[in-house]
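You will see two complexes here that share chain A, one where it goes with chain B and one where it goes with chain C.
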Partner chain A sequence: MRGNAMRLVAADVRMVARDPLLMLMPFVPFLAAGALRFFLPLLSAFVDKATGFRIMEYADLARVVITLFPGMFYGMVAGFLLLDDRDDGVSAYWGATPVGRSGYLAARLGLFSVAAFAAGLAVGPVLGLGRIGAAGTLGTAALGAAQVPFIALFLAAFAANKVEGLSILKALSGLDMAPIAIYLSLPIRAVGWPFPQYWAAELALGRNAPPVVALVLGVMTSVLWTVILAARYRRRVD
Partner chain B sequence: MNLAVLVRSDVRLLWRHGFAIAYLVVAILYAAIISALPREWADAVLPVLAWSDPAFFCFFFAGASVCLDLAQGTFGALFATPLRPAVYIAVKAANLSVLAFAMAAAVSASSRGADFRPWPLAASCLAGGIPSAILGASLALRLKSINRFLIGSMPAFLFLALPVVQYAAGRWLPPWFGMIAAMTPADGALRLARAAYQAVPVPELAVGLAAAAVWSAALSILVLGPAVAAARAD
Partner chain C sequence: MITVEGLRFTYPKARSEAVRGIDFKVSPGEVFGFLGPSGAGKSTTQKILLGSLRGYAGSAMVAGVEAARADAGYRALVGAAFEFPCFYQKLTGIENLSLFASFYPGPKDDARALLERLGLADAADRRVAEYSKGMKVRLNLARAVQHRPRILFLDEPTSGLDPANARIVRDIVRERAADGVAVFLTTHDMAAADAVCDRVAFIVDGMIAACDAPSALKRRYGRRAVVVDRAPAAGVEAAAVGDGTGAGQREFGFDGLADNAEFLAELRKPGLLGIRTLDSSLDSIFLALTGKELA
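== the complex of A and B ==
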């Protein structure tokens, strides 16, 4: 079964490598980070002049968000691939193959999660702004990678098609702001607690919780979401 | 062609696809954030927020709709009707622009009460949404699958975003950048969005509206038309 799952991973890699457009996909977070590196200081100067608010004082938070971004983006791509497979009726047949339905999900989501973890580690230096320690970067990239199953399964479990997937992504885009919640006071801050993105920011910046506690809670929320959404996805495919 | 039927069925589709709920979620979130900001901060952010949703989201929405139509084979059926593809896409964008307007108005009210002008806001949603949607649909017809569209449309998306770069950082950028940004499809919409919250000279708004109309017509004829023809030939 492990060999079959690896063949599935290899097939996904080939699918991406064969298409010049899809081959750009792994680099999108780096392009975004490069653009922010140029644009954020300019925006900061404008906002400072107009309002007195200094964006660059929150550069560490921007670094957390950009470290989380590959997970969000690759999760979206993986989610649309799952939707494609479900629309084409392919998903239902995986259960009858040696890989099995779980192997199919693990291979597809695992590949994108590993890619998101590697990109999360590498994208910070491309941004070049803000500073979070090595342990914080590792933990944030890991929680960022855990967004892949979260986003992908959310799309595949609740969207009937690609257009519905887009409307779900629009609602999920609010999660981009979850890290900002660490600057809010209780009880509003608690709105961020169910989401790993919030705990990633706590882990990296240690504002309201010790990093170890933030990591444990981040992992727990990620696992819980993945289990719930995977069960929902299976029911949908069945 | 019965335009009212087309509008009604498209509104029903938007509802079924959950867009009204998605907009409600995002509107509540934005309103909570904007109302927590000091007034001058909110004033700087509101035009961008009101402009970006129709300009960007209509682009992706139209693209995703076309990808779905292509996958389900319904796009081909359109050719058997008197409906023109540009009208089909414009109606989709207009309906989504109504949702975007409702969201922008609710978020504006959360920060400024009744102290904003709804008509320029509504015009901004349409002027931003329609040309962006035509561009998004054209690219989706060429790129065919949703993931290829999401990645392949990035340069066009960045092109659409130039006015906001000019808005935020124009004084630090060379003059030629401003000239290019002013010639992009959604620039007029940003001028209209600004007019909802501050005084903008009327001629500037008229030029903005005219530019959006010209862009919509030009994109329909020069970009969408050939893309439809190519998709039809496949």
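== the complex of A and C ==
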């Protein structure tokens, strides 16, 4: 079983390496973190001077958002691979092999989720701003990794093609801003509740809910979205 | 190897059944052709047999396993080539074959030797995205057979192939059957089915209209007669030679043929071109039975 997964993972790595756009995606969170590390303090000073608003007071939130970033980008890569496979008929073909469609899907989503988790842990130090603690970092990286199936399945279930996929991604990228909702008052704050990204921020920053509750709700919303989107994706492939 | 009894299937939200109570068997070593027009129920039946569609009524047993309970062990016995070849476009032909083969237990064919036989040796290390349709069709067959399955599901295996490559594909199918593999072949192509199938079933509107060996069907629905073709004598118009069956042709019924003096006399005349039976083609039988063209 593990051998099967590793062979599928190796094939995915090879395909990503042969696509310049997909090859770039895994590094985007690190590039963004590096850029923010340099520009955010400069921007904060400028805005502070002009308006009195201190962006750097929200550095912890920036750290949460940047920790969630790999999940978004690795999910994009997985989603575009799924989209290609769906259109080429490869997804359906796996159903006629010993791997089965579920095994194929689990291996692909598992690979990119694990990679997103590792990248989520690594990207915070690249940003170098804000502090969210070890437990908060682990939890945020885990909920960030849970975005991989969400983004990938959403793309493969709803996008008719890659161009449409890019449009959908633009809309979905707003989800990484869901953590901002923790600073809003009810009932507007509730807009963030259905999304794991919101609970990642609550988990890391503990503003409105205890971390344990945030973790449980984050996992629950992640699983729920994955189940719903996986069912939609299966119908699309059939 | 495959036993289907009273098989029925209706897609969710569909008003009518896609498959309406079909029965057939495919034995080890047999090439069974499943022929019918688009929408007749061929692909649905194949999906059921492959374990991809559940919720059917009746029974579809493959290698002693009910298809609805297909698991990894079941699928390891099966090789499939879908109508539209599907591969990882960014991987080479040989990388695709190696990847898919790696999930099957037991001995396998040498992938490069298989590609060479199918005329793809030079393309083995090229990405599949660069393959033509015909090359993908051949690669499709290579993937289906390389792990030496006991049951082969082939959908339009000669579609888009030139005659020489189509022949190679047919030879490989026949060889696998000779090794005891049960082959379930779905096609529109009556000529291909005639050339390679031991038995064929005509499926129309989800029902099997006829099922038998191609030769038996052709005899059953053909005319019991032979035609003698003769070149016209020098200086004589072709139309003057015949007896109403066409220029240079005479038709004789099977009954009493060995003692038919006119027939024997016709054979002795100069300019004999050939003798042929008046079997029906599978196309014409299909049309006669179903009133539908196989397009």
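Keep in mind that, in the parts below, the second predicted complex is superposed on the first by the 225 of 238 C-alpha atoms of A that agree within 3 Å, B and C clash if a C-alpha of one lies under 4 Å from a C-alpha of the other, contacts with A are read in each partner's own complex, and residues count from 1 in each chain.
Everything below uses one rule, namely that contacts are C-beta pairs under 8 Å (C-beta built on N, C-alpha and C of every residue); 3 or more make two chains touch, one makes a residue touch a chain.
Being a predicted model, the structure only gives us computed values, none of them experimental.
Chemist: For A:Asp176, is the partner it touches chain B (first), chain C (second), both, or none of the two (neither)?
Modeler: Neither partner.
Chemist: State whether A:Val99 touches chain B only (first), chain C only (second), both chains, or neither.
Modeler: It touches chain C, and chain B stays clear.
Chemist: Residues of chain A touched: more by chain B or chain C?
Modeler: B
Chemist: Based on the superposed arrangement, let me know which partner A:Met76 touches: chain B (first), chain C (second), both, or neither?
Modeler: In the superposition, A:Met76 contacts chain B only.
Chemist: Which partner does A:Asp19 reach: the first (chain B), the second (chain C), both, or neither?
Modeler: both
Chemist: Which partner does A:Asp84 reach: the first (chain B), the second (chain C), both, or neither?
Modeler: After superposing on A, A:Asp84 lies in contact with both chain B and chain C.
Chemist: So in the superposed three-chain picture, is A:Asn4 touching just chain B, just chain C, both, or none of them (first/second/both/neither)?
Modeler: The second partner, chain C, only.
Chemist: Name the contact category of A:Ile168: first (chain B only), second (chain C only), both, or neither.
Modeler: A:Ile168 contacts chain B only, not chain C.
Chemist: Using the superposition described at the top, list the residues of chain A that contact chain B and also contact chain C.
Modeler: Touching chain B and chain C on chain A: residues 19, 84.
Chemist: Per the contact definition, I'd like the list of chain C residues that touch chain A in the complex.
Modeler: Residue list for chain C touching chain A: 50-52, 72-73, 75-76, 78, 80, 82, 84, 86-91, 95, 99-100, 102-104, 127, 153.
Chemist: Taking the touch rule as given, give the residues of chain A at its contact with chain C in the complex, in rising order.
Modeler: Answer in residue numbers: 4, 7, 11, 14-15, 18-19, 84-85, 88-90, 92-93, 95-100, 238.
Chemist: Where on chain B does chain A make contact in their complex?
Modeler: Residue positions touching the partner: 13, 17-19, 21-23, 25-26, 29, 33, 38, 40-41, 44, 57, 60-61, 64-65, 67-68, 71, 143, 145-148, 150-152, 154, 165, 168-169, 171-173.
Chemist: Going by the contact rule at the top, pick out the chain A residues touching chain B in the complex.
Modeler: 19, 21-22, 24-25, 28, 31, 39, 42-43, 45-47, 50-51, 53, 76-77, 80-81, 83-84, 87, 160-168, 170-171, 173-174, 177
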